[in-house]
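This is the structure I want to talk about, given as structure tokens.
When the chains are written out, they are named A, B, C, D and E in that same order, and each has its own residue count from 1.
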Amino acid sequence: EIRIGATISETGPAAFLGDPEAKTLEMMVEKLNAAGGINGEQVELVLYDDGGDPNKARTFATRLVEDDEVVAIIGGTTTGATMSIIPVAEDAEVPFISLAGAIEIIDPVKDWVFKTPHTDRMACAKIFEDMKARGITRIGMISGTDGFGASMRKQCLEIAPEAGIEVIADESYGPTDADMTPQLTNIKNRAGVQAVLNAGFGQGPSVVTRNYQQLAVGLPLYQSHGVASKGFIDLAGSGAAEGVRLPGTALLVGDLLADDDPQKPVVAAYVAEYQAEYGEAPSTFGGYAHDAFAILTDAITRAGSADPEEIRDAIETTAGLAGTTGVVTMTPEDHLGFDLSAFRMLEIRDGGWTLVD
Amino acid sequence: MTMTTKRATLLILAAIVIVSPFFFPSNYYYRVGSLIFVNALAVTGIVILTGYAGQVSLGHAGFAGIGGYACALAPVHLGLHPGLAALFGAALSGGVAWLVGRPILRLRGYYLAVASLGLGILVAMVLANEAWLTRGPDGIEVPDLGLNDALEAIGIDIRNTQFWYFFSGLVMVVGAWIALNLHDSPTGRALRALHGSEIAARVVGIDVARLKLRAFVISAVYASLAGSLLALQNKFITPDVAGFMHSIEMVTMAVLGGAGSVLGAFLGAAILTTLPQVLTVFQEYEQILLGLVMMLVMIFMREGLLPSLARRVRGREK
Amino acid sequence: MSALLEIRNLGISFGGLRAVHDVSFAANPGEIVSVIGPNGAGKTTLFNMISGVYRPGAGAVVLDGRDVTGMDPFLLARLGLSRTFQNLQIFQNMTVLENAVAGFHLRESGPLLADLLNLPSTRRRARAAEAGARALLERVGLANAAEREAGALSYGALKRLEIARALALEPRVLLLDEPAAGCNAVETEEIDHLIAEVAASGVAILLVEHDMKMVMRISNHIVVLDHGEKIAEGKPEAVSRDPKVIAAYLGPDAAALHEGEVAHA
Amino acid sequence: MLEVEGLRSRYGRIEVLHGIDLSVASGEIVTVVGANGAGKTTLLRCLSGVQPVSGGSVTFRGENFVSVPAWKRLGHGLAQSPEGRQIFTNLTVEENLRLGAFLYADDRVEKDMGDAFAMFPILKEKRNLAAGGLSGGQQQMLAIARALMGRPACLLLDEPSMGLAPIIVAQIFDVVRGLRDLAITVLLVEQNAFGALRVADRGYVLETGRVTMSGAAEELIADPRIREAYLGI
Amino acid sequence: MSELMQFLMSGVTVGAVYALVALGFTIIYNASDVVNFAQGEFVMLGGMITTFAHLAGLPLPLAALIAIAATAAVGVALDKLAIEPARGAPVVSLIIITIGASIFIRGVAQLVFDKQLHRFPAFTGDAPIALLGATILPQSLWMLAGAIAVFIGLWAFFTRTLTGRAVLATSNNRLAAQLVGINVKWVMTLSFALSAAIGALAGVLATPVTNTSYDIGIALALKGFAAAMLGGMGNPKGALVGGILLGLIEALTAGYVSSVYKDAAAFVVILVVLFAMPQGLFGSKTTDRV
């Protein structure tokens, strides 16, 4: 029996992200075991809910390595949780695949730490690329003050100059705020703003989108990958969400992918299974967990052993593995394994996703 | 409280720290143990402020935040050793408590609660938003204390989690000792007196404003040291330590255990720290059970666990 | 020579109500000055001003030649002024003994650090205070209740506990607000003796009390308030015969105070 | 009207009433005297239902009262003016009185309030003041007046004269006497034993939780033991 | 000018939510001196039950009514099962019970419903109403009207009815309340039912604007608490004014100063107000004499 550990924010402020992640892992383990496990061995998933609290995440990580004696850890829904798990994983020499966004997780590269989501920096780059293509150079930003929003804001501001984008308005909102019209009014009234970018997840972006329509701002609105789920369109209302662009993964637009796209079958299978199991569409975040689990099982299979060190080495040699987020090829210097091209620019049209390019 | 209950409390606490490891099946238990000790330390501060002096604070996590971030920032920016940084944090927390305490301690009951809540939230916000200094909501690394390396150098080989277990345990026991000293001392009596009747306390010559302030500062130092211990052993800290939920948690631990008692503080911390760990087997029922336990304890042991248990034991002896 | 405690033209209003207006009198060491008057005359309010619980709206309180008007009670306590309350102010969360020990606060308290570390000096001070407190409880007849929780005492016992706590300060001026309320005639007499004893030791005592027998028995001087104003002042004999006082306060039974207990039978 | 047999009550583990027997006939005025801590207040609290009874019985107008909750007892005609006054300090004087007649919503409430104001004119003056702002004696008057607003058939008074000026004390005893004319039964606890015995028909002496003496009021006044122990004569 | 107007509209929208939560605190507080930290969960239940009843095909008004009734029942259950058995416990213990209850209710909601964000349509559409160069959603007006209506109701209840007076009397002096014939248990039950119903109403009114999910309760309870303290706890006027004021401070700070520190600004204002008025804006001083 192979034990794999996970600590995920199934509840708490990041439950929006963690819930589909946990569901995905449970579903995949079940499926894997039904299919005979890895190399003939059954897999046991030890899953804890850290509620997004980094301190708890660390305790659970300790529990996973010390008490449950898992061979690898998946988790850390948020960057904060991830960062406090890292010392445990490094100390105990157990491979750890994070589901959080920040670039610090893998830069500089740490021996035992990997991650599956795009970095925020990549999301910013993708958005800026699209803006440039539309001739937009001066934008207003509004971001959540939670970890996700703050981290993405920071990355975007950092790379904006080299991308040729000028951020001339910079506003924020709290994770539970219910009205962003003051911030948006300020952005709207700032002379020269050509588009607005909202970095955030959960409740905020839908309110921003509705307020945006209420104020009739009329400029292109970009959201981040944090809202990439069908739920967002429902919450914001398809009227308000019409025309919103955001960088998303293949997951959201599975049926629009080219037939020869290596991600197409993976995405189709995952979405179908998830839908069947839970009666709802998976979100990008569930996809992160999917990829993490896929990378891990792939590595264990190739290593032919459940020894943490050998698993780690095998993860580092992952090559051409098609996930929902991208096609992953790891190296000792790259613990993420894909680049910008894995992002697709999406636009909401008629209440659904369409590919921009 | 008599001399003997004081000595008994210390003995029990010390025994728990020393004897428990013999029953630990794995290192993880050291981790949980050290968390209990750290929480108990913070809650002991609440016992002094709330249990002795009757002043409510819903913002003490703010001081834990100051203590924790001091350990992250002072070594980098001021070149302080992380251990000294913890003391620096404690001094800073004490200083902040001293400055804001004077005006807010004039308030009573819920008004004091909301003012201290505001204070805690302000600290949490600064920690989350002043990313140039604190690196924002995603948190920041904390340098190693280096004490267990030092121990290793003199031949005591001890795992990191184990070191932190004993170290936190030691600090907690010292904290308990001081709190117990205070309880029976003239200052402690004066604090309890002003809890009973502020006006009568003034009439017997107690400088109520000054004494409340002292309790506030002392409890802030406790919270700050707890925050430092947490940051140092996690080697990472996020603004969550300063968050509202953490403040509520501290107060809940204190009340659950029995707000006026140091051993109660330990009991409350132990229960609320281990409960989520135990409840993981119930998966999605965890929150429900946690809430249920809190309610049941307060319904059936309304003065908190320890005083109620003590009463029951005494009743049986009769 | 000025008196130990001097009240000069003291006054205060609540909303439109002049609760106390232009009241003056003085008290010397060893003297028992009683303040009497109908309910709502302003006696307690007067005490509250003298002891710093209220800040007077007008006038001055002079203690030992020093103007202490509106000074915080804890500072007044340091200057030797202590009091009991009409509405009991007991430290309910403490034992009877601890309540009494709290009265020793000024002599008992020392550096905070010594208290935190339980240094010998702290222990010494605490021991001394406890011994003193036990002696006082003995004096007010509560010695065998020392270890009980204060909240569990009957009303009359609490009244006496307050007196013990006030005495613990070794005050130079003692304000007693209805000390005998809730005590029967015999118990009242015990309190009489206690007060007289304390006065004899050189303490100036201000007494508010509705038990006229007690007041007449032990007062050296009586001040009568009505509607916040002083309407009479003087020796017990004279005051109790003052028609104004009889009309406003004593009522027709007043005669009984002088004609022995005849009227009672 | 009120029949108490073998009544026991305890605070925690400490029993303070060890089997009290006492009765009050309809229209009677009965007083209970005793030293501090004898258990007088505890007795009255048991009768009004705010203090648990651990043994014995309380019968009011033929009905077993032990299991009747406190708030229902006023409806049965039993009112109390408690020790320590227990007024609603945050409500106005008038609201206090109105709540005294909480059970009623008829015209008599107005009239009773008028009577209360007539009895204690100072309360009328202060009708809109928060009751917590009253002087001690004024609060005592309010407590008595509030109990009367409840239209009791039997009134329990715990030290009604406490903190009142002599002139008012005399008046209170007159009021008690007057209750007899209104056919209101009174159980009176007093430290002013002399005054109480003078208005009462009968009296009980309570010592550390036990009735040690009882009898007609005149007899008790004349009893040398009482005179020495409680009247200070 | 239109800018200022927009900020004010935003402040009123958000403030109405705070006010509704704060008003919900009032009754239980007035009956027992307990700040019920599960009040936010009542708001959540109002929104969630309406959402799911609506999804199940019930018309919105009916769904809302069911939600309010069901939440009131939860309030009664909370009183009967947790608060009443703890009768006589210190106020802090009762507060901890309400915190436990809030965790419990949240846990149940997460099981019974789900962890997603939800919303149902606004009562009268989403077409913004233009006003002096600013816009406001029709639903915001519903919220404001709701807050004012609840305020008037509560104000009348506490000052015009004997039952309201009895509620105040119960917290002021429980013993005396019993002596004058008030069934204090019933008063508590009534208070919990009313508070819960007001909370649920808040959830029904606000969800189309704020969204709802199983875990919105804590944040709302916190803001509502702050608003209630700003206005003066226990006073309906304080709750209304405190709530709206808090919303306005946040909106104006976000608009004119810094959106990052708008919550901080709100608390700074609260601190300043409390320094000057330790009982909040309309809190009455308790008169207890010595």
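Following the convention adopted for this analysis, contacts are C-beta pairs under 8 Å (C-beta built on N, C-alpha and C of every residue); 3 or more make two chains touch, one makes a residue touch a chain.
Just so it is clear, the model here is predicted, and its values are computed rather than measured.
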item: Minimal step count in the chain contact network, chain C to chain D; value: 1
item: Minimal step count in the chain contact network, chain A to chain D; value: 2
item: Contact-richer chain pair [A-B vs B-E]; value: B-E
item: Maximum centroid distance from chain C, chain identifier (CA atoms); value: A
item: Chain centre separation in whole Å, for chain C relative to chain A (CA means); value: 73
item: Between chain B and chain D, centroid-to-centroid distance (C-alpha), Å; value: 49
item: Intercentroid distance (Cα basis), chain E paired with chain D, Å; value: 42
item: Per-residue overlap in chain D, given as positions that touch at least 2 other chains; value: 133-136
item: Residues of chain C engaged with two or more neighbouring chains; value: 44, 53, 85-87, 89
item: Sequence positions of chain E contacting 2 or more other chains; value: 110, 260, 263, 288-290
item: Complex contacts: residues of chain A adjacent to chain E; value: 10-13, 15-16, 19, 145, 171-174, 176-179, 181-183, 185-186, 189, 202-203, 206-207, 210, 214-216, 231, 234-235, 237, 239-240, 280
item: Complex interface listing, chain A residues touching chain B; value: 10-11, 48-49, 53-56, 58-59, 62-63, 66-67, 78-80, 83-84, 86-87, 91, 102, 104, 145-147, 150-151, 154
item: Residue ranges of chain C touching chain D (in the complex, touch as defined); value: 14, 37-41, 43-45, 86-87, 152-157, 160, 178, 181-189, 210, 212, 248-254, 261, 264
item: Chain B residues touching chain E - in the complex, by the definition given at the top; value: 50, 56, 103-104, 106-108, 110-111, 114-115, 117-119, 121-122, 125, 129, 199, 244-245, 248, 251-252, 255-256, 259, 284-295, 298-299, 302-304
item: Residues on chain B engaged by chain A in the complex (per definition of touch); value: 25-29, 31-32, 35, 128-129, 131, 136-139, 141, 160-161, 230, 234-238, 240-241, 276-277, 280, 283-284, 286-287
